[in-house]
Amino acid sequence: MPIRATVWGENVHEQTSRSVAQIYPRGMHAQIAAVLAEDPNIVASTVTLQDPEHGMTEAKLDETDVLLWWGHAAHEDVDDSIVQRIVERVWQGMGLIVLHSGHLSKVFTRLMGSPCLLHWREAGERERLWVVNPGHPIAKGLPRYFELENEEMYGEPFGVPEPLETILVSWFQGGEAFRSGLTYRRGAGNIFYFRPGHETYPTYHDANVGIVLRNAVTWAYNSERYPEVLTAPNTRIEKSIEKLVERGARLEKHPH
Amino acid sequence: MPIRATVWGENVHEQTSRSVAQIYPRGMHAQIAAVLAEDPNIVASTVTLQDPEHGMTEAKLDETDVLLWWGHAAHEDVDDSIVQRIVERVWQGMGLIVLHSGHLSKVFTRLMGSPCLLHWREAGERERLWVVNPGHPIAKGLPRYFELENEEMYGEPFGVPEPLETILVSWFQGGEAFRSGLTYRRGAGNIFYFRPGHETYPTYHDANVGIVLRNAVTWAYNSERYPEVLTAPNTRIEKSIEKLVERGARLEKHPH
Amino acid sequence: MPIRATVWGENVHEQTSRSVAQIYPRGMHAQIAAVLAEDPNIVASTVTLQDPEHGMTEAKLDETDVLLWWGHAAHEDVDDSIVQRIVERVWQGMGLIVLHSGHLSKVFTRLMGSPCLLHWREAGERERLWVVNPGHPIAKGLPRYFELENEEMYGEPFGVPEPLETILVSWFQGGEAFRSGLTYRRGAGNIFYFRPGHETYPTYHDANVGIVLRNAVTWAYNSERYPEVLTAPNTRIEKSIEKLVERGARLEKHPH
Amino acid sequence: MPIRATVWGENVHEQTSRSVAQIYPRGMHAQIAAVLAEDPNIVASTVTLQDPEHGMTEAKLDETDVLLWWGHAAHEDVDDSIVQRIVERVWQGMGLIVLHSGHLSKVFTRLMGSPCLLHWREAGERERLWVVNPGHPIAKGLPRYFELENEEMYGEPFGVPEPLETILVSWFQGGEAFRSGLTYRRGAGNIFYFRPGHETYPTYHDANVGIVLRNAVTWAYNSERYPEVLTAPNTRIEKSIEKLVERGARLEKHPH
């Protein structure tokens, strides 16, 4: 059974910027989904901010193994209750790939517990991504480095927690360096942050970016769900594994 | 200059439970502050939930190097705007020690981005804490293990992110094991979670618990503050470090 | 194509101790291999210390995707050049599962760069292993905890580096706790340390131990090899990606 | 009491290269020690490869809180028994700062358990070091970035284990990026790898490099020593914390 990837697109600049629409005539989300679908083990669908419940209905999340998130201009328009719903799905085992300016999405900042801010510059400069962890599944099939001739610059310090592993580090023409591929786990959910993807450049048409995205979906996939991460069971004294005799005061009311 | 530690106490069970009031007649927060003050390099003060702004005014936070947080019954009564204020202070470099049932406080769960749930049992059973990282500053002066004759049990899985370092692991009489001392950094803020401290037992009168608390305050202390973690500066093209010529389309309006 | 797992057995106590021989009449390595072979995606073979080159010939390593290592009494009998050969294979991407007393094997201590020592007691006591990271692939299909009625005790502090992730923590009847399932990466090689497996008890006949072993092999498997991790290429100035003019003194002789 | 830092210098190129001797007339080690001594809380001394026992006598190590290691051309000339002695000191709590080409020293590679190789180019190009973890003690007082106008390039992948924390990332004029400041702990010993310091350039005369070195010494310092990390005590059954009755077979001979 293939992995079911859902691409969430903000779909704002595609409607308001001619440059963006020219590069992504069917929307960035559609292009990202097309790139994923090159892997026969992935089936990709898309939803957007404008869909009912932003496309993130319980039914859609039931059919989502890995969620990819691209947003920029409208982070605040995403409803808090939908954010909470998505966060809880991640905790239970849904994979999450956060793309580029999604670093400031509500979903990502709530999962990171950190400001997630950074320096930036929109100059169409060259970015070169270096693989620092070649044995990691997300780097499989990548060359030692790859280039994006035009990208937005993101500069350190990037206000995220220390990752589980750093996979990619970027060099920018204007003089900055940046940690561009970072893994996390929250609850049972695997999370990957991938830096490139500014809407005015054809990043999601790049072959190496496609390799990273497909690898990341495969890596983030977890076939199981863990609803118990949302519970806090009381282990009854009389059912303790090793025999116990209750001692001292307690707050909890006795059950009978 | 000594480290200024502020102990935040929920101060609910001290008023409603005779057992708690007997062990902590001036409140748990007062006892924790007294334990900290045994270190001449620490000055400790207390605030409680019932104080105006829960005691967490901007003025008080200005005078706080490290915050200790004990809460249990009234997590939901802590105002969201105060929580946000505290979280932003941590990001800027204030240390944070989260105690026992504080694992479900709004402050901790927002910083962790994880459910932070666990299994539990209130039976007054024996807990034995093992030092797994003896060279860490928080373990300095501790024996190889220490015991609390009566404690609440917390059982795995503990729904927190993988820590920077695991310092302590607990053994429980009833058969469970638990990661009891965990370090994190969020933004510039050092965070330590320390498991013991159930209100119906005299945990904060224990000598080894005192060592951990004083060590943790010393470890979490950062003399600097980093307000820039709350900013996302645009690095102007004309001021780029390496000379750049703008290329491609951009969304940002030109600055004239 | 199935994963090719090779089980390395020291095969000493099976020959000298009647108790061990009764539990593992064909050797511990044979039983471990049988347990792995229950997964149709794994083919398992065995080698022992007594084989030529300890069974770790270049040819055998060429056919090994994941190596499992059980040793105890004869760590010093393993030839240093063979150890180096195995270590370099791990760096290039071969998976490694280190079992029980293998914590003091030359292979493991050289990969960890740490003393790897611990406290111990051979009393046939009860061990209970708790899953602390239920979403990790190595924990897939495990119950919340499982028990081994008779095991050797290993006590903290365990002198290993902070792991990438802690998967299992043990509770011992005699009062100790221990980090029992730890992941590492060295070069491109995935490494898992799994605590249980004392030779005088039937640990490798336990169903949950079998789940862990099969999961660990699947997790550690990397289809690629990375011989370049053993090289340190000089990037010629005239071939630099961004054009460079040499400046300053240098040690390296000019190439003509 | 000030921290006692010992700078270990290979002291080979200072004798054979006029360029190196001009920049470091008293040796690189002497300059590094001078930089450290700017901090009144540090006293710095030097030893070199050519000293008896390479200067690393037991007596000298007894007086060393933090060791700094610079080597390049003569790694293989360092005696294995001295390496083992130093490694064991680190495990017991001595701090270690490994500088530049020390990445291939026996001391560092044995502590890392990894190949530690990298790409390189000696062109005197510009290096710009970015602080990615501004709240870390090693970054205290640093600007957001600092530059070294002439340095050797080191390129990824750098064959080291995933660090506890990444502090600095470098940008190189020729197009590479590199993780330049990494922390580790092995046993009780704090370890910091710091990339810059090629012998033909005046790196150790740079003010910001001095800040990093002094901060790193302060961070790595541990006032305690932990000789017990070199022991593996048998916990006698009759002295177990929780009462035990021996069960099953055992290998260990009974004590009487």
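Each chain carries a letter (A, B, C and D) given by its place in the written order, and its residues are counted from 1.
The rule is short, and it goes like this: a contact is a pair of C-beta atoms (placed from the backbone, for glycine too) under 8 Å apart; a residue touches a chain by one contact, two chains touch by 3 or more.
Please read these numbers as outputs of a predicted model, since none were measured by experiment.
The chains that touch chain A as well as chain D are B, C. Ranked by distance of CA centroids from chain D, the top chain is A.
Least-squares overlay of CA atoms from chain A onto chain B yields a rotation of 180° to the nearest 5. Between the CA-based centres of chain A and chain B the separation comes to 27 Å, rounded to the whole angstrom. Chain A and chain C have CA centres that are 31 Å apart. Taking each chain's centre as the mean of its C-alpha atoms, chain B lies 36 Å from chain C. Residue positions of chain A touching 2 or more other chains: 128, 133-134, 155, 157, 162, 164-165, 175-176, 185, 187, 229, 241. The touch graph of the protein chains shown is complete.
Of all residues in chain B, those touching chain C in their complex are 128, 130-134, 144, 155-158, 162, 164-166, 169-172, 175-179. By the touch criterion given at the top, residues 13, 17, 19-20, 87, 91, 104, 110-115, 117-125, 150, 153, 155, 157, 159, 161-162, 164, 173-176, 184-187, 199-201, 229-237, 240-242, 244, 246-252 of chain D touch chain C in their complex.
Here chain B touches chain D in the complex through residues 93, 128, 133-137, 140, 145, 164-165, 185, 187-190, 222, 224, 226, 228-229, 241, going by the rule given at the top.
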